[in-house]
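Labels for the chains are A, B, C and D, by order of writing; each one numbers its residues from 1.
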Amino acid sequence: MAQVVPAEGDMRRVIGDGEARPDGEVEGLGEHELLELYRSMVLLRTYDERSVVYHRQGRIGTYAIFWGHEAMQAGAFHALEREDWIFPSYRESAIGLLRGMPVETVLAWWRGHPAGWWDPRAFGVASIAVPIATHVPHAVGFAWGKKLRGEPVCALAFFGDGATSEGAFHEGANFAAVMRAPVIFLCNNNGWAISTPVSAQTRARNLVDKAFGYGMPGIRVDGGDVLAVYEAAREAAARARAGEGPTFVEAVTYRCAPHATADDPSAYIDEERVAAERQNECVGRYERYLRRLGVLGDDLVATIAAEAQDAMRAGIAAAESLPEPDPELVTRHAYAE
Amino acid sequence: MEAVNDALHVEMERDENVLVMGEDVARAGGVFRATAGLLDRFGPDRCVDTPLAEAGILGTAVGLAMAGWRPVCEMQYESFSYPCLDQLICHVGRYRWRTNGAMEFPITVRMPTGGGVRAPELHEDSPETYYVHTPGIKVAIPSTPADAKGLLAAAIRSPDPVVLMEPKVLYRSPREDVPEGEYVVPLGKARVVREGDDVTLIAYGGMVAVAEAAADELEAGAEVIDIRSLKPLDEETILASVGKTGRAVIVQEAPRVAGFGAEIAALLAEKAILDLRGPVLRVTGHDVPFPFWSLEEEHIPSPARVVEAAQQLLAY
Amino acid sequence: MAQVVPAEGDMRRVIGDGEARPDGEVEGLGEHELLELYRSMVLLRTYDERSVVYHRQGRIGTYAIFWGHEAMQAGAFHALEREDWIFPSYRESAIGLLRGMPVETVLAWWRGHPAGWWDPRAFGVASIAVPIATHVPHAVGFAWGKKLRGEPVCALAFFGDGATSEGAFHEGANFAAVMRAPVIFLCNNNGWAISTPVSAQTRARNLVDKAFGYGMPGIRVDGGDVLAVYEAAREAAARARAGEGPTFVEAVTYRCAPHATADDPSAYIDEERVAAERQNECVGRYERYLRRLGVLGDDLVATIAAEAQDAMRAGIAAAESLPEPDPELVTRHAYAE
Amino acid sequence: MEAVNDALHVEMERDENVLVMGEDVARAGGVFRATAGLLDRFGPDRCVDTPLAEAGILGTAVGLAMAGWRPVCEMQYESFSYPCLDQLICHVGRYRWRTNGAMEFPITVRMPTGGGVRAPELHEDSPETYYVHTPGIKVAIPSTPADAKGLLAAAIRSPDPVVLMEPKVLYRSPREDVPEGEYVVPLGKARVVREGDDVTLIAYGGMVAVAEAAADELEAGAEVIDIRSLKPLDEETILASVGKTGRAVIVQEAPRVAGFGAEIAALLAEKAILDLRGPVLRVTGHDVPFPFWSLEEEHIPSPARVVEAAQQLLAY
């Protein structure tokens, strides 16, 4: 149950460490669902790793890496229904893939091609938000608007630790609580805002403590534990649908890759910590869990990996064969025609 | 003011997706009473008192539009709309484009504007330039109660976001007969307030009355044009008038530099250069913060200053 | 001691009710200080009541009434040292009087006369903030800047319940906590933002709960109890000077007057509640306390009242005899000359 | 870019009240490396990584100025300065006036500006109009490394708030020799980049290079003027040039309507009307959001478009 704050200090976990800490399980998740979660994580991981390569090859522009955040993204995603909307930041640029968005669409976005825009209604995924936290009120307004229409839909907004410092986050969170909007605030606390550590971003013990000031429940989970994230988000979605309003979920991860392809973290980051985090990365943790559970073996791992690789190969090919955008396009779509 | 209230009643009646939101718009019916009666008539779902956060108002309006609503946001005073410039520039003006034109964002932002009401600081600004310069946004400023009703209706029905700035001096104007029921003044059409052959006085909002007063004082025939819709702009009407008179005085209350009057002057310098019989003159507010109200008459363009400019042109 | 939140639910009080609840006392306050507090409250009350009359007489413009907030204002003020700066909102327009600002200066502000501006350095009082919450970061920057200079100075920002919804409050509060700026956030929770009740402003149990999200201590006091406000502010100032950073003080009052002379609350307010609050108004509560204590009697009450009346009479006369502002002034002072 | 970094080192050395603050300016030395080395050299009190909140940065800078500091705020990209427009308009530009001129607010706001760098949306805007139109604010935009250094020094030393917009294309320009040590380019002085008698090409920031390229292609003698300081504006230099050539083409990357180019055109329409041998032409960005970068060449004025405008005038 989402505790009315002050939130628990320690993080919720489900996946054990294969040693001292035993594996838990999430009620209602059968083998099929468990494997779907895995497929999503692998697809995201593959998308991310390929994109970094494409960037080096000059096939896409600057790219915001999300390596190590796949559990946080996939776990939250799978807790939603198809009608629910997702409001991603640039860090979740590929979240649409999990809703069937073509790989080339997302790649086109990073290639600066207008085919990188989509109709949010087609996937229930809002446009990628570039300005920090400004999409948070959008998610709140959408959720509030759906509630006014009596539709049992909720909205999930992804944002980072740094985003919590912005007025836009604050105003959105407060509106959500006041309007009892069915929103899930999914804060990806990866420890860094580019070069600024979370310790220089806030004095709060934990980011989840912020929920208290809005009178909303907060949950703090291990963001590298896909099952813990899934369970927390599902709980938040249930509250939202039950008319109980918003929930703040702090998913604790670690940014063990550069902020973006343009960034060189060596100046500010602790390389040892990064190495340790990469060791304990979320896809591997979940894969080992599934193996311990006996639902995943070498063959299936290989198949799923191959599927993802194929999707990316086809995606980049399609993106690169998109015709040059029509120059006429530059003056269009700002206003109704 | 009754005109604005009337328009809101009519449009909310007409389209159940229209939702009014803002600070003190429901329980109190708005500090200028523009939204009086809406709460009782349409209920708390469609007339909403929001928390005190302008960026939150406009930001949630974007989401409401995504959910199929047509939000009409009230900013209590123009100066309190500044916190939402970020949402306006980053999202309201860009989101339609961001969907390759697939989604509409029919958001209306209403705000009182201008000085002349002897109020404390930041209650008398004229910030239209910030809005007009922002791509994806349309801007209209009425100068009569009828236009206040008609332009608001057009804004609410527009598929694009519209900033509607209502001159405070207009709120105080004597109740003048306004068309009953549905009444729409299309965006993009200027209004020729009075015809004249010798000089064109171009104004909008609260400055239209100033231009008219100046026209009364002038011996020469002054044509007064109320721009009404700043974006889209009715270039035709302006160019036709200056083509006839060859003389143009632009009246703008906002600070001079990069004010909207400069855009009108630039239009004339580009498309009416052969018609001009003299310089294009701007009568504007000074490049200073709007003064303490004991000095506001020194800041707001007066009929006398407009007359002086017109005479300078006529004698040119 | 300022408790690290979650803050106590109930309010701190010192003044008793003359019946069941006994009077407390504040350590270090002698008869002289107690009477100074009283003088300040009477001066503020007189200023406010006269201003409403002046407005009716057309001698000043629209005016933001603070009747009933004198304890909150005077109590906080007296907890400060002369070097500390105050950042008032329009609701504390006359706070400068307590620092010796001429009455005519404040009246000139409400008369729309440039003589209503002052040099903040002269009184340690910033300009009256008209846009809600935007002065909060100013107080934070000032306090932080003084701390960087090693000066033991703190800043106090007054703002309302509605102001806590603004991004400017959030960003300022977060900066203060991160920079450990010596700031006192004095939130005057008078229950209303014009016509919007605090219940429609936030879902937080109490506004003081917001402190938790910033990792700063919060104190909730009865804002009608001048001694309780004084003690809380003094405690916050001590923390600030000790380098322990900001404190959030929620002073619970009630706006038992219109928002401003232009406002008619009848449409939204509970007249009975207003009547009850006016019954229990703060100046009378403190006066009765002082009488019970035996440090105040009819003569002194009369003298202090007369002093305040005289100050106002002289003030309005001086304000009205100010020469019309020089028209040249309109184009000056925006830039250095 | 080295020029900006150099200026910051020199000015912080020169005046211990200068303090640099912003997102990622200390540990990382700025995403464009403009503040590299300042943390080590001047310590964490004078080079501060702030929380991620632009309005908080500028709002606290106002308070820092009250405490005697001269804050130099970095906005990571121009589009991320929009959240602080509220503080800029309500306070930064007004506070000196609010003290009857008694207090100074020597605040500098640095930001990269403009497109041409193939970045995601909201990394390529040109928002100078918002700043230029705001009373109490000064605005400068360099087009060379030397000016980037000199204008930044002038901004930091200015008693008034200055918004300094640094074209991103300039960051990538080849290291060109910049004066060593203290170097100040006074605000309010335009630069005649090259002389010519037939047509005046007026530009600023990234568009100066475009104007120069156009001048290279033109047969006729083109005079290229770099406005450099948008506010205060050097009217004299502009009027002298147009007085000579009688032809003016204004180049502006920002969206057209109510852009700063309109102010220049208005200036000419008022004070150079008898000199003009043809219309005042503006070559500008379109009134749309800055496009996805595969289309940015279609949006940013090109030398070809400038040449076309100039030829139209020469043939007029």
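By our rule, a residue touches a chain if its C-beta (ideal position, glycine included) is under 8 Å from a C-beta of that chain, and two chains touch if they have at least 3 such contacts.
Source: prediction; values computed, not measured.
Taking the mean of C-alpha positions as each chain's centre, the chain lying farthest from the centre of chain D is C. One inter-chain figure worth recording: chain A and chain D are separated by 37 Å, centre to centre, where each centre is the mean of the chain's CA atoms.
Chain A and chain C have centres, each the mean of its CA atoms, that are 44 Å apart.
Centre to centre, using the average C-alpha position, chain B and chain D are separated by 29 Å. Along chain C, residues 114, 117, 131, 165-168, 171, 174, 178, 200-202, 332-334 each make contact with two or more other chains. Touching two or more other chains at once are residues 51, 53, 55-56, 79, 82-83, 86, 90, 93, 97-98, 121-122, 135-136, 287-289 of chain D.
The touch graph of the protein chains shown is complete.
Contacts from chain B toward chain A in the complex involve residues 19, 45, 50-51, 53, 55-56, 58-69, 83, 86-87, 90-91, 93-104, 135-136, 138, 158-160.
Against chain A, in their complex, chain D makes its touches with residues 23-24, 27-29, 31, 49, 51-53, 55-56, 79-80, 82-83, 118-123, 286-289, 291-296, 298-299. Chain C makes touch with chain D in their complex at residues 85, 114, 117-121, 126-127, 131, 134-146, 148-149, 155, 167-168, 171-172, 174-175, 178, 332-337. By the touch rule above, chain B contacts chain D in their complex via residues 55, 79, 82-83, 85-86, 89-90, 93-94, 97-98, 121-122, 127, 129-130, 132-136, 231, 233, 254-255, 257-263, 265-266, 268-271, 273, 276, 278-282, 287-289.
Per the touch definition, chain C reaches chain B in the complex via residues 61-62, 90, 109-114, 116-117, 130-132, 162-163, 165-168, 193-196, 200-202, 262-263, 267-268, 324-325, 327, 329-334.
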